[in-house]
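The same subunit A turns up in both complexes below, where it pairs with subunit B and then with subunit C.
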Partner chain A sequence: MNWHVVWESRSVLLGGALVTLELSALAIGLGTTLGLLVALIRTARVPVLSQIARVYIEIFRGSPLLMQLFFVFFGLPYLGFDVSKLAAAVWALTLYSGAYIAEIIRAGIEAVPKGQKEAAYSLGLSPYEAMRYVVLPQTLTVALPPLIGFYIGLIKDTSLATIIGYRELIRESQSIIDRTARPLEVFTAVALIYFVICYPLSLLVTRLERRVPAR
Partner chain B sequence: MIEMKQVQKHFGSLHVLKGVDLHVRPGEVVVIIGPSGSGKSTLLRTINYLEPIEKGEIWVDGTPVHQHKDLRQVRSKVGMVFQQFNLFPHLNALQNVVLAPTLVLKKSREEADEKGRALLTKVGLEQKAEAYPGQLSGGQQQRVAIARALAMDPKIMLFDEATSALDPELVGEVLAVMRQLASDGMTMVVVTHEMGFAREAADRVVFMDEGVIMEEGAPDDIFSNPQNPRTKQFLRRVLEK
Partner chain C sequence: MFDWGAPIRNLDLLMQGLVVTLQVATLSFVFAFALGLVGALARRSHFWPLRFVATVYVEVIRNTPVLLQIFVIFFGLPSVGIRFDAVTAGIIALSVNSGAYLTEIIRAGIQSISRGQIEAAIALGLTPAQIFGRVVFPQALRNIYPPVVNQFIMVLLGSSLLSAIAVPDLTGNALVVNSRTYRTVEVFTFVTLVYAGLTLTASGLLNLLGRLLFPRATAR
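Up next, the complex of A and B:
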């Protein structure tokens, strides 16, 4: 074992880690926004839009993320859109995660008893207010643990962006390995970095699951 | 105050309300009794449009509810108390009470809080303002739910088996609050199996069966001298227990 190579490449590795974090944060933020929107459309049974939402969910949950990355990266330029590698990776990860998150949130919304909405309506709240102040806060306690679980998977999935040449953590480590021929050391370091990013989230899930209030 | 004319409603092929006429005067306490499945809850829920109707008319304080107009306004005038309380579990007692006044009536936080605490005091729960529903007994939860409905200054209060989900020893505290409301002059429509409450607090008792009003009248007449054989049969069964 030669840990010296890892130490020498520390700035490249940390740079890769930051890029992975950036990509993850964008995908989580945008994917959650999209997922919430799609979940609301589906639960409100908005005609047409609701059907479109269902098709979208089926397509993006039913195909490998890798294919989606290829499609966005090679497909959009083909249609005349100029996309950077970052934009392509963010788009693909957002569409992919939006589909899963929509279903997680929808399950959370549907887990809230019907009587809650009725009580809100009977007090004169509008459908928007009932959703915003009564249903969604309760959805959160149910949906947060699976949601964070999905985020952890998503952070790891950002490594797939390496396939379109995006310089995130895995890509950077690959080039270090090419230079140093020390795959074991480098990948151990990479695994450690992923662990440092994901472990706090795992802890959070455990804490939240213990905290979900009894009804 | 409430005027229902020939109200009809189906659930699929099930004819639940078969032309109901009901008239409730301001300040009147109407108690609806009848076997389970006879359409009592459905009738109550049509008054604030939780259930839309197919035929007939419902006027609440001059507003045609059946035309699906000014729903928010009608609902803010009609308080409803549910069998399962339906308190918002993520909010404490006071927050449950002030949510609708701040959102719907646009009251300031201070004004809503002050009124909310006064209402919790009225139902005997001033000490529990900061407690969450999960920390309260069923009877306490139901009293918070009553305070929550009253916070909108409703002209009418609807009660759907408000004590049916409670342990027997907790029924009394909720009925006491309802009696107090009745004697304060609130217009009330109460679905209940508490015949004692019906006898003492009601101005009028309505017996409902199979989606129609079979008989109605003053509590003394209904309980001592029912005319309809179905009413007789029902009362014999419930009063035996």
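Up next, the complex of A and C:
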């Protein structure tokens, strides 16, 4: 074992870790927005849109993220749209996570007793206000643990961007390995970086799960 | 502009890939389940070193990307003289990865069995092995059947990552067909739909199997 190579490459590794965090933040933010939108369309049973949402969820939850990434990265240029590696990764991760997050939020909304919405209406709140101030805040207590659990998965899944050549943490580590021929040491360091990012979130999920009252 | 015949004309190659996907996923899942069972028992062991090893295994695997685990086994281990071909490395990586998730699922299943069941089995004079095999495990499996099916679907979809180490699975062969025909949208749309059909069929069949195996579970 030669840990010297890892120490010498620390700035490259940390740079890669930052890129991974950026990509994760973009995917989490955009995926949650899309997921919330799709969940609202489905729970409100908006005609036509609701059916489209269902097909979208089935396809994006039923096929591999890597396939979706290839679709965006190779498919869009084929259709005449120019996409950078970053844009392709962000789009694919957003579309993929939106489908899962929509189902997590929908389950959360459905777990809120109907009486809550009815009470909000009888107090004169508009459907928007009832959703925004009464239902959604309560949704969060149920949906937050699985949501953060999914975010952990998404952070790990940003590693797939390396396959289309985006210079995130794993791609940077491979360039170090090409130079030093010390794969195990470098991969161990990379695993440690991912662990440091993900493990606190995992602990948070465990704590939140304990707090949610059993239903 | 589109030529939807392109994936159809290369159907043989794509179907070969589909067979590899199914084989790799099924084998990995079987190994992962065995690993998960051992892991769950180790996590409930009274012997703390065993508990510690199982906990480290679960936490390390669940908090690092599966792609990295695949790369460690395929690109990392040869540097210490351990060499696998791509398919073997892929099956090992998927098994080890999914085994960590199944450890937690099976552990939760065992925990869901009430103490009274075990006490009753002891009172009837069953041996510890009989108690686990005939009382605890069958009931645990019934309780955790849905997440176990879900885990199989995850392995099925996760196997697409093995195309990154040149395993000729459905995704790998889709890339080959793509580079041969340059019909990117047609080929990837077709393959995406094949995956979606596959996961829908697999979860449908496995849920049906669950209803046959655990008739009482559906009555609740």
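Convention: the second predicted complex is superposed on the first by the 212 of 215 C-alpha atoms of A that agree within 3 Å, B and C clash if a C-alpha of one lies under 4 Å from a C-alpha of the other, contacts with A are read in each partner's own complex, and residues count from 1 in each chain.
Quick note on the criterion: a contact is a pair of C-beta atoms (placed from the backbone, for glycine too) under 8 Å apart; a residue touches a chain by one contact, two chains touch by 3 or more.
Computed from a predicted model, the values in this text were never measured in an experiment.
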**OP:** Once the two structures are overlaid on subunit A, check if subunit B and subunit C clash or fit side by side.
**Re:** fit
**OP:** Could you say whether A:134 touches subunit B, subunit C, both of them, or neither, answering first, second, both or neither?
**Re:** first
Original post:
Looking at the overlay, what does A:121 touch: subunit B (first), subunit C (second), both, or neither?
Top reply: first
**OP:** See if subunit A has more residues touched by subunit B or by subunit C, and give me that chain.
**Re:** C
Original post:
Which partner does A:106 contact after superposing on A: first (subunit B), second (subunit C), both, neither?
Top reply: neither
**OP:** Figure out whether A:58 sits in contact with subunit B (first) or subunit C (second), or with both, or with neither.
**Re:** second
Subject >> Shortest span in Å between Cα atoms of subunit B and of subunit C, once chain A is used as the common reference >> reply: 25
Original post:
For subunit A, which residues are in contact with subunit B within the complex?
Top reply: 113, 115-116, 118-126, 129, 133-134, 137-138, 141, 213-215
Subject >> Residues of subunit C that touch subunit A when the two form their complex >> reply: 59-60, 62-68, 71-72, 75-80, 157-158, 160-161, 163-164, 171, 174-175, 178, 184-185, 188-189, 191-193, 195-200
**OP:** Show which residues of subunit B lie in contact with subunit A when the two form their complex.
**Re:** 48, 50, 72-73, 75-76, 78-80, 82, 84, 86-90, 99-100, 103-104, 132, 134, 145, 148-149, 152
Subject >> Residues on subunit A engaged by subunit C in the complex (per definition of touch) >> reply: 58-59, 61-68, 70-71, 74-75, 78-79, 152, 156-157, 159-160, 162-163, 170, 174, 177, 181-184, 187, 190-191, 194-195, 198-199, 202
